[in-house]
Amino acid sequence: MENGIYQYGVGDAIDTYMYIKSSTKGIASNGKPFLSLVLSDKTGEIEAKLWDISEADERQYAAEKAVRILGEIQNYRGRNQLKIRNIRVTTEADAVNLADLIQTAPISQDEMMQTITQYIFEMTNPSIQRITRHLLKKHQAEFITYPAATKNHHEFLSGLAYHVVSMLDLAKAIAVLYPKLDKDLLYAGVILHDLGKVMELSGPASTVYTVEGNLLGHITIMVNEIGKAADELGISGEEIMILQHLVLSHHGKAEWGSPKPPMVREAEVLHYIDNLDAKINMMDRSLDKVKPGEFTERVFALENRSFYKPQFQK
Amino acid sequence: MENGIYQYGVGDAIDTYMYIKSSTKGIASNGKPFLSLVLSDKTGEIEAKLWDISEADERQYAAEKAVRILGEIQNYRGRNQLKIRNIRVTTEADAVNLADLIQTAPISQDEMMQTITQYIFEMTNPSIQRITRHLLKKHQAEFITYPAATKNHHEFLSGLAYHVVSMLDLAKAIAVLYPKLDKDLLYAGVILHDLGKVMELSGPASTVYTVEGNLLGHITIMVNEIGKAADELGISGEEIMILQHLVLSHHGKAEWGSPKPPMVREAEVLHYIDNLDAKINMMDRSLDKVKPGEFTERVFALENRSFYKPQFQK
Amino acid sequence: MENGIYQYGVGDAIDTYMYIKSSTKGIASNGKPFLSLVLSDKTGEIEAKLWDISEADERQYAAEKAVRILGEIQNYRGRNQLKIRNIRVTTEADAVNLADLIQTAPISQDEMMQTITQYIFEMTNPSIQRITRHLLKKHQAEFITYPAATKNHHEFLSGLAYHVVSMLDLAKAIAVLYPKLDKDLLYAGVILHDLGKVMELSGPASTVYTVEGNLLGHITIMVNEIGKAADELGISGEEIMILQHLVLSHHGKAEWGSPKPPMVREAEVLHYIDNLDAKINMMDRSLDKVKPGEFTERVFALENRSFYKPQFQK
Amino acid sequence: MENGIYQYGVGDAIDTYMYIKSSTKGIASNGKPFLSLVLSDKTGEIEAKLWDISEADERQYAAEKAVRILGEIQNYRGRNQLKIRNIRVTTEADAVNLADLIQTAPISQDEMMQTITQYIFEMTNPSIQRITRHLLKKHQAEFITYPAATKNHHEFLSGLAYHVVSMLDLAKAIAVLYPKLDKDLLYAGVILHDLGKVMELSGPASTVYTVEGNLLGHITIMVNEIGKAADELGISGEEIMILQHLVLSHHGKAEWGSPKPPMVREAEVLHYIDNLDAKINMMDRSLDKVKPGEFTERVFALENRSFYKPQFQK
Amino acid sequence: MENGIYQYGVGDAIDTYMYIKSSTKGIASNGKPFLSLVLSDKTGEIEAKLWDISEADERQYAAEKAVRILGEIQNYRGRNQLKIRNIRVTTEADAVNLADLIQTAPISQDEMMQTITQYIFEMTNPSIQRITRHLLKKHQAEFITYPAATKNHHEFLSGLAYHVVSMLDLAKAIAVLYPKLDKDLLYAGVILHDLGKVMELSGPASTVYTVEGNLLGHITIMVNEIGKAADELGISGEEIMILQHLVLSHHGKAEWGSPKPPMVREAEVLHYIDNLDAKINMMDRSLDKVKPGEFTERVFALENRSFYKPQFQK
Amino acid sequence: MENGIYQYGVGDAIDTYMYIKSSTKGIASNGKPFLSLVLSDKTGEIEAKLWDISEADERQYAAEKAVRILGEIQNYRGRNQLKIRNIRVTTEADAVNLADLIQTAPISQDEMMQTITQYIFEMTNPSIQRITRHLLKKHQAEFITYPAATKNHHEFLSGLAYHVVSMLDLAKAIAVLYPKLDKDLLYAGVILHDLGKVMELSGPASTVYTVEGNLLGHITIMVNEIGKAADELGISGEEIMILQHLVLSHHGKAEWGSPKPPMVREAEVLHYIDNLDAKINMMDRSLDKVKPGEFTERVFALENRSFYKPQFQK
């Protein structure tokens, strides 16, 4: 497993431990039930079908279990699938560490928290600094483990924190080049923009939307949280409204979920940084699966485009 | 003035008191300054130009002043305009009551508050009732005088409260016919849906958007207010989130400013009641100005349509 | 069957009579034919699959038959399905009345005709009254049994008439609140707006589009019918054109099939009443299937939204 | 006037007779009234302003009058304008024939009617032939003088008939190349498609929309007329519905006013022929005003494009 | 096979030779592999499934093979399918000529080249003539065999050349009726507009997009080729840019792949001719499969419309 | 003039030298001609009107002249305008250096060329390096003086080069953070992406579109140039096509003028860098004109948004 699931080619035999990321029951058109599994190791994921299952199978091969798999890689409509020959749930005897099978951020949680703390430390506007620190602290436990989304980009353990760290570094680099940008506002916007996801989403794994997530959404949730934080900390002044505006407008357009478009310079830049980091993340993950001279699968969240890896790039 | 400004036809002489609703300076293409006035009496408004003005004129004929006008009605590009022959600001000697020159809701403020209070009284869910009563009370002074918008519909003194009262009556009539509707939720939704406008708009007259109104908007402002009200009243439970959802979704679609579409039955009905009342108000005001067999001017907020008054309607 | 098909939960055993609303042959991906059945009782409908069918089965389990079913409720992709263990066509010995298995309007046909007749009786404009009465009489036999659509809303026996009756009551309630509305026009518009569906659709059951329905559509068909009715009754005057406009514009926008948008006050209100009644009908039917604290399935005709039933609603 | 108004260049003196196509009163920003005139000769039209007018001027220089003009060509925002030095209404002494000053089709009315009659004569399906002949005869007087539109394309005397004649020739040429096309249907579709304009528009000159034109539109009007014609002639059969479909669908898309898109081969081809002829007409008229190596003005009805006349074309 | 595959009705037995146009492996929901075949004869194509295949089957029944088929016509979701009872690859003993099983243009390649050559010969502008001749010659080998597209229209052997020949005839017919059109430009535009497809597509059969086709597209490829041709032939002057513009703009709109809309008269006409010929081709092929009084299948490239064949057409 | 034109407030007297950036003749609605001037100094620009002009005035106060102005700042519809009291063209006696009155990039042309040259020097792929160097050299004279556009962003002397330099620095900063990005490709893409503007636009001042710019556009022009450069340099390989793709796709979407969307990682990033730099430039220039606590004018190219400068920013 050294190299991970994407290193295998069509026809290769598989004998490895994997994590069941999701397990969905279907009914085949011959009337028999089956399971569609998404299996992961630390480096990526692959689909597999388990045909003709019993009710015991359904319970056993549920999400968040570790399994031992024998099988081989098949091609199905241009995508690799894992054809399962043998599957069993791991026992203590396997001595498998679940954490080794789950996709996670490439930086440790501690390191990420340290980086973010440093960025907050550098802020000079005390209102912005205190609100940001307060809200991060309040939701830190979830923030550090949640994915950034249920699918599309940074959809792995600690994906949310990793997305924020990358964006902070990007924000800093841009602020150096365009010195009129207000660093405090930009950093605070980056840290808070998706923090509402800890209430919008159900948890770090098998993530779905909460009722609150469906009816209000992470943007509205966090705008409210900023208002509450200001009340609790006894902070008044325009900083609160501007921070709320940054969160409110970070999707860029009404059609994309921001009832107000960015109307403050740093809000516009935040929207760009968010998009750019998410898109590079999606392109990188997609291009990692193909060789030079090939096109990737279509990526739905990138307007359903395929990407080409030039032959002169390794 | 018995019958009001819309009763005059082209060529009719005017000798009356009017209120300057707005006054905008322009520069004519001969380089000389002029004022574009919107003048109102209790029943409606009309445009007028004041040519070749001095700086004193500019100060004198500003918004929110009452004036005595001599002139006549002209037709300009299919719209009536008032050609001013003589204008002066009123003095005490004129014994003019400003309130008699301003367009306002056709029901008194007291009567409207009584009606709304009665609807709140009829609510049976204590959480919904308490939050609604609390927020109405908190913003009552502004609520009862503000227009519902700076233009388009109910853009007159107490227009917001009048819009709410009409919608409450409509909500009740609909709830009788569709008994599965939750009356408490519907009434609370009607009362709260536009209440954020008291912070989005600058005041009852010469109304413009506040900075908060521009950057957050009345929807986000009121969703926050509901959260704060619940905190202050110590109310928890799903009612808060559902009320927030009703306010959040009442524009119906992301493109129209609601980041979440209605996903609760009463939210969808609220959206319809809001639209229906606003549209009937706009059509009525527009059709009042034309005779049977004629088309109205185009109404921008009604997709720029003209409306026809059939000959067999009086 | 007292409580109907929606009262059963996943795992419940079923032993009941049902009506085959539709029966579609498919070919399973093992190459064998099967039938997708939509089965109904008086209260609702459910899907079921019949695997590995013979040609005799195909003929026997066709639409519009009554059957005796043994089976159980399964969950498939979040929707209930009926897993058939045993099925047979009913015989005389079963003493089953087909009408008891078919979804139909909750009011009797006689009662509905009486209500509509009363509304026509109340009209004061003789031209509008005579045209409306003439066209209703001409198409009454179909009107009283047809569904309002092949799917989406009011898609049951007498659904069209039921939709009209609900809209008439809604129109009356609204006209009371907005007295400038012309009741005659509004009632006539309600009665005529979808009457063309009796020529657009093939019949009360197993409903499909006719050629005329496909090439002209119910709006154009009824606009023509109004013209013919006026000729036959020797009626002239603007009422004819205005009634044609109400029918023509009742979808509200060109994109939705109305080549002219509403340009008469009552046409705009008709469009709202039509939408509101259809949407409440769809939401009610969808929410009836879920418990408090749950979301409904996505409803395609409601912009593919899910609806949430708050926990505090029963 | 030999060569017409487009032959004059900026700075050229004008001394000629012209026709007042339209006359619109404006109020200059110095408060004084003026007239915006559109003046035409047989070959084209030009704008002119008449400043500081009296009420007598307004009555005198109204639409549909012939005038003697002295003046010169000016350039205003890239368009030629006629600067009037002297203007007077013509008298008998001028011996000016109004018909010589009005833009009209380049073929005589008789010739056009003969051509159309010949195409009807060539039809072999008696139902299609009789309906087409009946409707053309019924509306012939208006048909032969009306413009095809109030602006955009073929907006001149007999423009409608000229558009139909061009389309018939185009239909014939296409039918020769694609022999599966049904010539009868195509010719009938061409002749009837815009015939409703004789009721949608007010007349051959100073053309505006009628009430019926606004509320129903020429498409719906003509679909009704076809139904009536069939009744009067006692014709039944699918031909009627198909002709109605051709007229109904000839704008191609719901957004463009056709509630049903073309669903018959000849309906699709009719839509293309209509567009192609209208667009070539607009491009030709626009390109006639510029020299090789120049761009035309933007043409609103051609998606606001400018067209370039290559240097190698004369 | 006299009459071809579309002459067979549901239930008819088939015993014939066919060509495998494409062969796609799937995995049935019982986990077993199968092949989806598109089989053609000279007149058309039909789908068929081959269940439970071995790896040898997969290799054997690949695209571009000829096969002998026994089976029967079935109806599946309203489309005819061929149910295979027996299939084998042809041997020399069958004496089957592959060319007799492949859909191809109804005119011979020689005849088409002669027609095109004649049109080039008729050109009078030497620059346009030389560039057109040069580019056609350069790519003639591919041009004469390629399809016009991978699907939708003219997707058969020599479809590209056939599309060009039809368009040239159409261009000539139109140019006769509108004499201001520049024939040279129009003919050159027709010949060059899709010539870039010989580099965009992979070949005459089993056609897919090349990398260059994906990243640049046939429009950009051909615009570059025109520039190179001018350099090689030492031609300068506006003709080159205008030809490039014709190719660049022939899709009509940015959304459809033309970064510049047609801004030269002949470019606009080229766009129409291209569309009209493609659409008539698609309608004809679709209507050939149905009887009078029936609707065709939905045609995706014609906005997903169905077309109706009137009963009075044969 | 130390501080530039934006430092003056309403009512301030002006006595300074300025450059006439553009001069457009209009006709006032009293029939008299006037000039609309855009005047600039090194820091920005302002509008002014010159009323009642003679033909001599028109010639004298044309674009690209330097003038001495006496006047004062006025407010007109929320924008500052310069009211001219006295104006004259400068003479040698004024000793005014034109270059001191023109807006230009804040870095010298030499410095910018040095920076760009350094980026080319750092490239490691020889094909990419040689093509980039060749094309830059070929068009260097125009490149270093042209604006990046006729309006919207970087619309000043050397704006194109300045935009490229900013983007290169941004590209470098991003490439450090996302090491999978191909620096060579990114730098080359930045340098070439808008280079076609030297042929699309007419020159460094009074800039308009050329015929080639209108009919082909800078994207198509540069894609052709890359092909020619490769031919001239004898370079083959995928680099050429990929560079062409980067230029072709840099507007991001078909609707925005890129017939192919970015399908290579660096193409997507190039599109973002381009947008981000242009938008920050536009926001900065707009926000420079307002004080903390104010909104800017609406900026058309930023979706017509206003931007707010928070009170806590200086």
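Residue numbering begins at 1 within each chain, and the chains themselves are lettered A, B, C, D, E and F in the order written.
As a convention for this text, a contact is a pair of C-beta atoms (placed from the backbone, for glycine too) under 8 Å apart; a residue touches a chain by one contact, two chains touch by 3 or more.
According to UniProt, the chain labels map to these proteins: A, B, C, D, E, F = 3'-5' exoribonuclease YhaM.
As the structure is a computational prediction, the values presented were derived from the model and not from experiment.
Counting only chains that touch, the fewest steps needed to get from chain B to chain F is 1.
Using the mean of the Cα atoms as each chain's centre, the chain most removed from chain F is C.
Two chain pairs, A-C and E-F, are compared here, and E-F has more C-beta pairs in contact (counted per touch definition above). If you average the CA atoms of chain A and of chain B, the two centres end up 45 Å from each other. If you average the CA atoms of chain B and of chain C, the two centres end up 38 Å from each other. Residue numbers of chain A whose C-beta contacts span two or more other chains: 26, 28-30, 211, 214-215, 242, 263-264, 295, 306, 308. Chains touching one another, given as pairs, are A-B, A-C, A-E, A-F, B-C, B-D, B-F, C-D, C-E, D-E, D-F, E-F. Contacts from chain E toward chain D in the complex involve residues 125, 166, 169-170, 173-174, 176-178, 180-182, 185, 237-239, 242, 261-265, 268-269, 272, 275-276, 279-280, 283-284, 287, 295, 302-303, 305-308, 310-313.
Considering their complex, residues 26-31, 211, 214-215 of chain E touch chain A. Residue ranges of chain B in contact with chain D, taken from their complex: 26, 28-30, 32, 34, 49, 51, 74, 76-77, 293, 295, 306, 308.
By the touch rule above, chain F contacts chain E in their complex via residues 211-212, 214-217, 219-220, 223-224, 227-228, 231, 238, 241-242, 244-245, 248, 254-260, 263-264.
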